[in-house]
Amino acid sequence: MNFASDTSAPAHPRVLEALADANCGMEASYGGDSVTASLRPLLEAAFETADFDYWMTASGTASNALALACLCPSTGAVLCHEEAHIERDERGAPEFFSGGGKLRLLKGFGARIDREALEAALAANNPAFVHETPAHALSLTNLTECGTAYRAADVALYARLAKEKGLWVHLDGARLGNALLSTRSSAADMTWRAGVDVLSFGLTKTGAFGCELILLFGRARTKFAELKVRAKRSGHMPAKMRFIAAQARAMLEDGLWLELAAEANARSGELADAFIGAGFELAYPVDGNEVFAYLPEEVAARLQAAGAKFYPWPGGCYRFVCSWNTPAADIEALAAAL
Amino acid sequence: MNFASDTSAPAHPRVLEALADANCGMEASYGGDSVTASLRPLLEAAFETADFDYWMTASGTASNALALACLCPSTGAVLCHEEAHIERDERGAPEFFSGGGKLRLLKGFGARIDREALEAALAANNPAFVHETPAHALSLTNLTECGTAYRAADVALYARLAKEKGLWVHLDGARLGNALLSTRSSAADMTWRAGVDVLSFGLTKTGAFGCELILLFGRARTKFAELKVRAKRSGHMPAKMRFIAAQARAMLEDGLWLELAAEANARSGELADAFIGAGFELAYPVDGNEVFAYLPEEVAARLQAAGAKFYPWPGGCYRFVCSWNTPAADIEALAAAL
Amino acid sequence: MNFASDTSAPAHPRVLEALADANCGMEASYGGDSVTASLRPLLEAAFETADFDYWMTASGTASNALALACLCPSTGAVLCHEEAHIERDERGAPEFFSGGGKLRLLKGFGARIDREALEAALAANNPAFVHETPAHALSLTNLTECGTAYRAADVALYARLAKEKGLWVHLDGARLGNALLSTRSSAADMTWRAGVDVLSFGLTKTGAFGCELILLFGRARTKFAELKVRAKRSGHMPAKMRFIAAQARAMLEDGLWLELAAEANARSGELADAFIGAGFELAYPVDGNEVFAYLPEEVAARLQAAGAKFYPWPGGCYRFVCSWNTPAADIEALAAAL
Amino acid sequence: MNFASDTSAPAHPRVLEALADANCGMEASYGGDSVTASLRPLLEAAFETADFDYWMTASGTASNALALACLCPSTGAVLCHEEAHIERDERGAPEFFSGGGKLRLLKGFGARIDREALEAALAANNPAFVHETPAHALSLTNLTECGTAYRAADVALYARLAKEKGLWVHLDGARLGNALLSTRSSAADMTWRAGVDVLSFGLTKTGAFGCELILLFGRARTKFAELKVRAKRSGHMPAKMRFIAAQARAMLEDGLWLELAAEANARSGELADAFIGAGFELAYPVDGNEVFAYLPEEVAARLQAAGAKFYPWPGGCYRFVCSWNTPAADIEALAAAL
């Protein structure tokens, strides 16, 4: 009963197989290999466009920070939710990679930015005023850090507002598949068609070892050379890139990433039902593979005693995360322990 | 006949097996897993000491830059050879990770720092003089970028000189095994016993997918907390760390890393013999898995026409790199083409 | 009727005289001059202690950023009010000088941090948790950006709370004199006796050309060498330092700085009375030389038409700043225009 | 007999007078004042063009670093002489302001870059190769750190070579006037007409308190907004800018800066004659206000005993600097002591 994190799960067997397949013969280094090249048609199919460039890292923090550093100069700011992973859980990586840029924090229930908060921040943004740090980018997270989702229309609205003020739009999609499924959106609708310029497309939490794509769409492709330079400079241009690429190939082929996200979402749905059925309140809607439940301390202790792993969360609730690998039996066991 | 780079080689099958072994069950994230913990006794055996801390990244550039950033503040400098990988091939990673520190470049044949150059730099080092940037660390590379080796006694001498002036000592050991074998040194003698404080212990070029250990010895262990913070902040604390650790385990168990380095060295020796036998001059002694040969342009062209891959090198020679996976037949084919 | 800023005022004639006095003969460069040295007894008298080191810059932004960079590493954060000058008006200088540190923003009326907000931030501070950026320093501003003052007891309380959690305490005293006078505190009571480690002691707004002292008290003196290095590196070690020092000397001799602050405070008091007398509400208590008044737009327009200069302020009020040079007649003229 | 540095000299009386003149009435802050605006026609006359933007700081280090940070990204390098002030005497300011850019050091006699060294560096520059750090700018110093001058034709040649490879050209003119006089060049011929994009135009060493202009010519004017942002962020946008501007006005009016540079050059010429007359060798041609003489230790000691101040210099000689304020009698006294 390990609900601590979807990063505690192993990789899916097909990911391991792809690694083994890639592990033969000599290949060019630093992303010049045939496996990396083979991702293009798969990504074109997944995103219904050919107008993108892509890079890979083994770290979601790196992908976010590299993406933002290309969009926001050291003298600028990024708008994000005050509970965003880039603010809370990346130890200042955006500030480091951008050379001292700022995050400007916006409020909103369930880690979704309030429209009013966004509009106020955009209205106050004045790049011509030298004393203040202007925003150059908006960063959204979908699935959010509270397990809620923005619908594609929400992303499109926010992206439009941001772009009217000249900002770039970044989407942290560490759990993109989970959000796509619950909102019944296509990857294209949620990203470039909604106005997203740069996507951190995470596959690690979904079921890889460590594989996070960065996709630059349309006009953002002008940043591709800079992205590679920054990747190199920060140690995110691994010599044997094919082994990251192999993971992406496994996940993209036959839509494995969505299949695995669906499994995780299903478990979370069952888990949410278990909490509600037992009379406990959820802190946020369950739009993906995370459930935040308000539990009395003794209940939490009882679950832990029964072997369940999960974290207390700011705001007084507890976080339970399901992965592709969470057994249905674990949900039943937890429900029983409740 | 691919002599382009040892990073073009695949991983050794036992590395893949270790990855498969690690890929089961739930594990704590971010280095808290059992595989990472299991490396300690293996490292203790390899380095004949328990007085160290360790971290891992998937990138040699990251390992070097993280190590140096812990040893050198943003207002300081690192002494290194002018052909050092950290100067030539890491796109300013040390400067980026340290927040604007400098590399001070020293000369010497075959990418080994001249003793006189080192002594002159140390004599001129004046941390009390606010206008100049003082050196805080000496970084050596062994095997060097020209395929030559420092003997353990050389490292010990240079480390002593550096430490007399208060500098830390870093060793870039991207090809450490290759140097240990040719100098018939133990890992302990070449590193902490010689006065090395921090070691970048590379296993990728030796035969892993992407696995680079950072070892902090003795007094440098005071930097371990900072190292982890910097790793986190730069995207080098992967969530599923066990998959990097598994590679290290495979390489350390039964001394596989030295076995593979020995294979690569053997091929390089044969390759050197082939060049010499054919009447060509070598640019540097062959102390590891790299051979630098002066070849007339038509000879180089002939080899390329025969299917050999290798790079021209600054100074007018050509670089040929062997790996654990270089077939003896490739050497014979090259010799025939010569 | 220029109430735009106290930085719009000229320097006091005695400051100019001191500059002329300093302008003879040869002097050592970079702060080694006799004028800089002559400040020590004056500062000892002003602060009733000899346990400090000092540096000077011509810029308040630089003084704050240099001070904070010595207290907070690139991987840490500084707690400050969300309306603090370091957050709002310094274009990311703290982030730049610290190499990517963060500001963590706290709330409170009138730009004074709420005790509850501070306690909550301190309670949540966990330097051992690698994912989050821990606070290393608390930065207070006195006089605050809303013209209110912390009493010395407030500063002492907040400093004690911060220090219990291992934080350093910085005080932005760009308008220190104004706050000392309204709270009837000594400079010592408001700073080192209250637990302030580093003080940005501003004299520019008070009546110099450009002269901002940085004082390191007690334990913070261990940072003095680093402070000078950072000053040099950022262009804040001017060759002819004596001309900044001469300004400080003029301001410190015979307590000119407090005399001038008293003048400015007196004008602000009269101005506040004028607004209240005319039936307008003030946004904040007037504890120094700044008055924030709620005015109907037509009244603001009328004042501007009468020749008054002042700025609209976030929150819907208008800011009026008095300086040592504000004529009493200007207050009368504004009152008449009201 | 103080030959330690031209920064040990006081400011010229007309600079002080200009400061007094500027010290009346209210003025807009942060460079919006009338004194700053009044510099434009003076600069237009001095540089025979209107196609420039300008900013001021009180520090030559800041001016150089701000200029270079606008020309070279954090991922790039600047070519300069290995004895350049930006490398030797600014404690890593270029690296700090650029966010981790590199200086690539070139050789040449007398601190003038060798043409061959420049051509080799330019030939090797490959911005498309992600592993190496490409140069984005060439920085020349005139008068050089060894007191030699580039002729305008030299600057024009080097600028042309650099621009053919896409580099920007920066000129560190901390002692520009001294070089213009000895080479009988106009300011225009030595700067924008020669292809210089950005000039650090120093007036402090010439006779101001602390006044260093940054001039962006032609195409470099596109960087003006960024320059101001970086100046603000680094504490180089002083609130009462008019007091820096007043210094520039005094120096530019009636060509005072060239008059003072001529005085300093004249003294240096006499000093050089004194050394040669006494049978001592000079290390470099004397093209400005600095003399580098090889002296036996006992002679140096005798001069010091006679009250002369000067510094030993790398390379085994001694540096003697004259300023506008060096009395002719000091030269005679030194000659007598020789």
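Going in written order, the chains are labelled A, B, C and D, and every chain counts its residues from 1.
We take it that contacts are C-beta pairs under 8 Å (C-beta built on N, C-alpha and C of every residue); 3 or more make two chains touch, one makes a residue touch a chain.
What you see is a predicted model; the values in this text were computed from it and never measured.
Novice: Given the two chain pairs A-B and A-D, which is bridged by the higher number of C-beta pairs in contact?
Specialist: Between A-B and A-D, the larger count of C-beta pairs in contact belongs to A-B.
Novice: Going by average Cα coordinates, which chain is farthest removed from subunit D?
Specialist: Greatest centre separation from subunit D goes to chain A.
Novice: Indicate the whole-number Å distance between the mean C-alpha point of subunit B and the mean C-alpha point of subunit C.
Specialist: Inter-chain centre distance comes to 50 Å.
Novice: So how far apart, in whole Å, are subunit A and subunit C when each is placed at the average of its C-alpha atoms?
Specialist: 42
Novice: Can you compute the centre-to-centre distance for subunit A and subunit B, using the mean CA position of each chain? Integer Å is fine.
Specialist: The mean C-alpha positions of subunit A and subunit B differ by 33 Å.
Novice: So what's the Cα centroid distance for subunit A and subunit D, whole Å?
Specialist: 50
Novice: Could you check subunit A for residues that touch two or more other chains and list them?
Specialist: 30, 74-75, 90-92, 96, 99-100, 130-131, 229, 232-233, 237
Novice: Would you mind writing out the residues of subunit C in touch with subunit B in their complex?
Specialist: My answer: residues 30, 74-75, 99-100, 130-131, 226, 228-230, 232-233, 237.
Novice: Under the definition above, what is the set of subunit B residues touching subunit A in their complex?
Specialist: 2, 4-5, 7-11, 13, 16, 19-20, 22-30, 57-63, 65-66, 90-93, 96-97, 204-205, 209-210, 229, 232-240, 243, 309, 325
Novice: Taking the touch rule as given, give the residues of subunit B at its contact with subunit D in the complex, in rising order.
Specialist: Contacts found on subunit B: 74-75, 77, 88-92, 95-96, 98-103, 105, 130-133.
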